[in-house]
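Quick notes on the structure that follows.
Think of it as A, B, C and D in the order they're written, each chain with its own count starting at 1.
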């Protein structure tokens, strides 16, 4: 599977995703500069974490209007897969590629900590190797991760099963305490109706090696690779 | 020369912080009166901050070389070889005064400054550590400072994308009017690709890169006096504002342009900005520099040469490139959307020439600027010290309830969990952090090798106050011991020396003694000091801070898999206490937290024992024999055991027995150097005993892990018997309850 | 009484947000910008019958909390100043 | 031409920062507050001769970047609106 990792000015998880894809998954991967518009040869584009353009106006706002994100629209229309983590999720929402918006954490502080996620939707190429209700452990690291959408959008997300991950306790219970940022309905990740664009605040690339304290993030990458083999429909073109 | 600026007189020079002698020296070397801009150069470059006028003679006592040293003091940061072709570049710096004035921006720009020191050397920053000291938390002003400083560090480090993996926060009333914000940064670079701040090759172009120049931080303390300010009422803000986003771009652009081979030398514009770079870089290379100030990218209009030269705007560098390769340099910076402007060239003749639209505004020999006078001011042991030291803590009554005393200690903000701070810091970006904050040292892997680095900062102002020489030596030992307990072999030291005014003999005495102590410990432990920072004048209205050397140690683990953390891992492990028995309540956390007293004598330090204990712990960790290893410092053996019980993900109880030959509170809470608590699986106890015998250190088994309580007895007397959940609660909330 | 406080960086203080936003807008084709600065607006609704009273109290709030005197200036507008004058959505 | 944009959270969207500031002020003794909300002010100086022109362009900036329509409303004021009270329009 050919991966691209997008680099915006201010991105910092780019090297981490690149490392996991090439050194752990042994898949071909290249960096994609934010001005690039040619993505056709890729199967999966990753929008990594960081502070693109300093996140100075709103997180992801400026990057959400950049050439590479414009090119993503065609890429997605052609069946390409997009994974946005952390700042990548914020960018996808700002670009309108995913519904909703990410706002300042309710505690008004940055939070870097381990979090538990319950898997709600396994009908995506990113999660098809997981079980519904499975609890994953992955770190978060953000100051603006509180997911918000209006009531109508939330209803639509629920109706079409577009919520992929929710913050939970270690045993999978959804509680207020397990919500690290005040997200609406404990939402940690959502997907587009086609299942091809996933945005999530947690960092799967930081949970892809036993030495780093866990491999639950790797399960997502393995789902992705599995989906390519099992189901040609996720291949674009 | 430009007539727009005031004529220089002795009075003006005095106002600028120079002495009459210094001014005479300038007059005689120049053979004329300096221009206003030139006076600014001297005022900044001969300031204590830039020139180390009062500290240099003492600093030369520190051991600075060793087989692994690739770069000692004198560059932006030091560098140590770690094998496999890699080097670590590291340094610690203070930003105390700016953080007191504006805690958020002061701390943030402190982080920005030390990051630049690391990446100007060609290294990619991989870790930040923050060592903080504040007054006591019952003052609202202190709480504001704490939240401001921590969020400033969080903002800058997180946005830039370097993990903050360790540090300390301690509290004492002496820091109320003068908090300490010391930040250490560690970077990685190929050992043969270290860049230096040189200006070689006359004719080579000099580039200004990074953020534009504004009137930030022009040393208002000296010259921005009302006399020359047309708008005296709207006093110029001298606070610098950080821009971590631009710094990140600057990092990527600098590392990329260095890879082209077009860079001869580079230095970050820190204190004294452009003035510092344009004199220090040529001074190191025996060259000169000729720069046109009007070409300097400016954020504000109407800046004078003086202001352009001395601005401390952040996120800027001066770069000397190879003539003929200018386009490559411009290309890289353009890609990262940063200014890169050729402002002049390297010259021979050893002079700095600064022009404004062609007209010379300053022309000074760079060696004169770089060679500030050095002083050896008088030192004198403070008259009150002997009395403080003579106090016998054992003249105080014993606590009625030792368990309650332990809980009180765990709740003391200096000992309690600092998670409230470090959970605001990204600790993992770069995916190298194998041991996150919360253990003795952070451990980071070196990708592409089997190795890892262990890093820690330590410093105990109370101990240094009571005995500057031994206290400072103990700080070196503790930082190194934290690294050793994690499995790392200490390789190098950086130090940040925070003291009061060196013009007071008793402060300078503390300083001189502390340096002796650091030097002694570093020699004994084979640790070169490859860089550091001196911060004097940490006092308010004549009241100095506790003398606080903060020591940063970087160590190497040959096998990243062979590392240890401080918390107990489960039931049935045997617990050993390594190191000497002799401890003291003098200067202890117990004496402070319980009695509010800072007095007494420290337990003796034997550096040979220290060395052997550390070697023994490392040997045990790297043999895979220990399941936990924890340095035993503030709060003594009882606190070390309690931390073993409660700082991990799961609570683990413990039953332990301490020696009977001392008073109970001394045995429990007494502090002394060279001690560590380790746990060993019962099945491997024999192997461990053999290894300890070989190491020839004092040690003994003191207990076993397991259960839900921490039980400590002396002989048959049970002194402490407390539920681990209660201990945890005290430790978790002791600091956070003040700031949340 | 309603009041509005505008808190802005003092002139001369680098506005990193403003600079980034200006650059981003230029990238989107808005090349007519000379300068752009970002500050805070704080809208207050308070129990205070007179504009003078409101202005005094809000000034106190600014000095104590809302503005950082080292970095920021503030202006206070009360309902009088806020009466519609053709400001459009 | 100078213009000013006020970007504020839509009514109904919880303003955590505003709530925190209000709490802090109450702690300092400002008990007269009914409501307090924090938004952004963006001060623009642009090459554009007419208020109408400025208003149109700034509106475009708001739609393209300055405000997120899911969360925020914006108001644009041009130099006319900003002129001191009593000054000729």
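Here is the rule we go by: a contact is a pair of C-beta atoms (placed from the backbone, for glycine too) under 8 Å apart; a residue touches a chain by one contact, two chains touch by 3 or more.
Just so you know, these numbers come straight off a predicted model, no measurement behind them.
Asker: B-C or A-B: which has the larger count of contacting C-beta pairs?
Answerer: A-B
Asker: With chain centres defined as C-alpha means, what is the inter-centre distance between chain B and chain C in Å?
Answerer: Roughly 38 Å separates the two chain centres.
Asker: When the C-alpha atoms of chain B and chain D are each averaged to a single point, how far apart are the two points in Å?
Answerer: The mean C-alpha positions of chain B and chain D differ by 42 Å.
Asker: So what's the Cα centroid distance for chain A and chain B, whole Å?
Answerer: Result: the chain centres lie 36 Å from each other.
Asker: Once you find the CA centre of chain C and the CA centre of chain D, what distance in Å lies between them?
Answerer: Roughly 8 Å separates the two chain centres.
Asker: Mind pulling the chain C residues that touch 2 or more other chains?
Answerer: Within chain C, the residues that touch at least two other chains are 16, 20-21, 24, 28, 38.
Asker: If you look at chain B, which of its residues touch at least two other chains?
Answerer: 243, 245-246, 337 - these are the residues of chain B that touch more than one other chain.
Asker: Multi-chain contacts in chain A: which residues touch at least two other chains?
Answerer: Touching at least two other chains: 53-54, 56-57, 61-62, 65.
Asker: Report the topology of the inter-chain touch graph, choosing from line, ring, star, complete and other.
Answerer: Chain contacts: none of line, ring, star or complete; other.
Asker: Would you mind writing out the residues of chain C in touch with chain B in their complex?
Answerer: These residues of chain C touch chain B: 10, 12-14, 16, 19-20, 23, 68, 70-71.
Asker: Write out the stretch or stretches of chain D touching chain A in their complex.
Answerer: 13, 16-17, 20, 64-66, 68, 70-71
Asker: Of all residues in chain B, which touch chain C in the complex?
Answerer: It is residues 101-102, 105, 211, 214-216, 236-237, 239, 241-243, 245-246, 299-300, 313, 337 of chain B that touch chain C.
Asker: For a test of understanding, state which residues of chain A touch chain B in their complex under the given definition.
Answerer: For this pair, the touching residues of chain A are 9-10, 12-13, 15-16, 19-20, 49-51, 53-56, 109-113, 139, 141, 143, 203, 205-206, 209, 211-212.
Asker: In the complex, go through chain A and note every residue touching chain C.
Answerer: 53-54, 56-57, 61-62, 65
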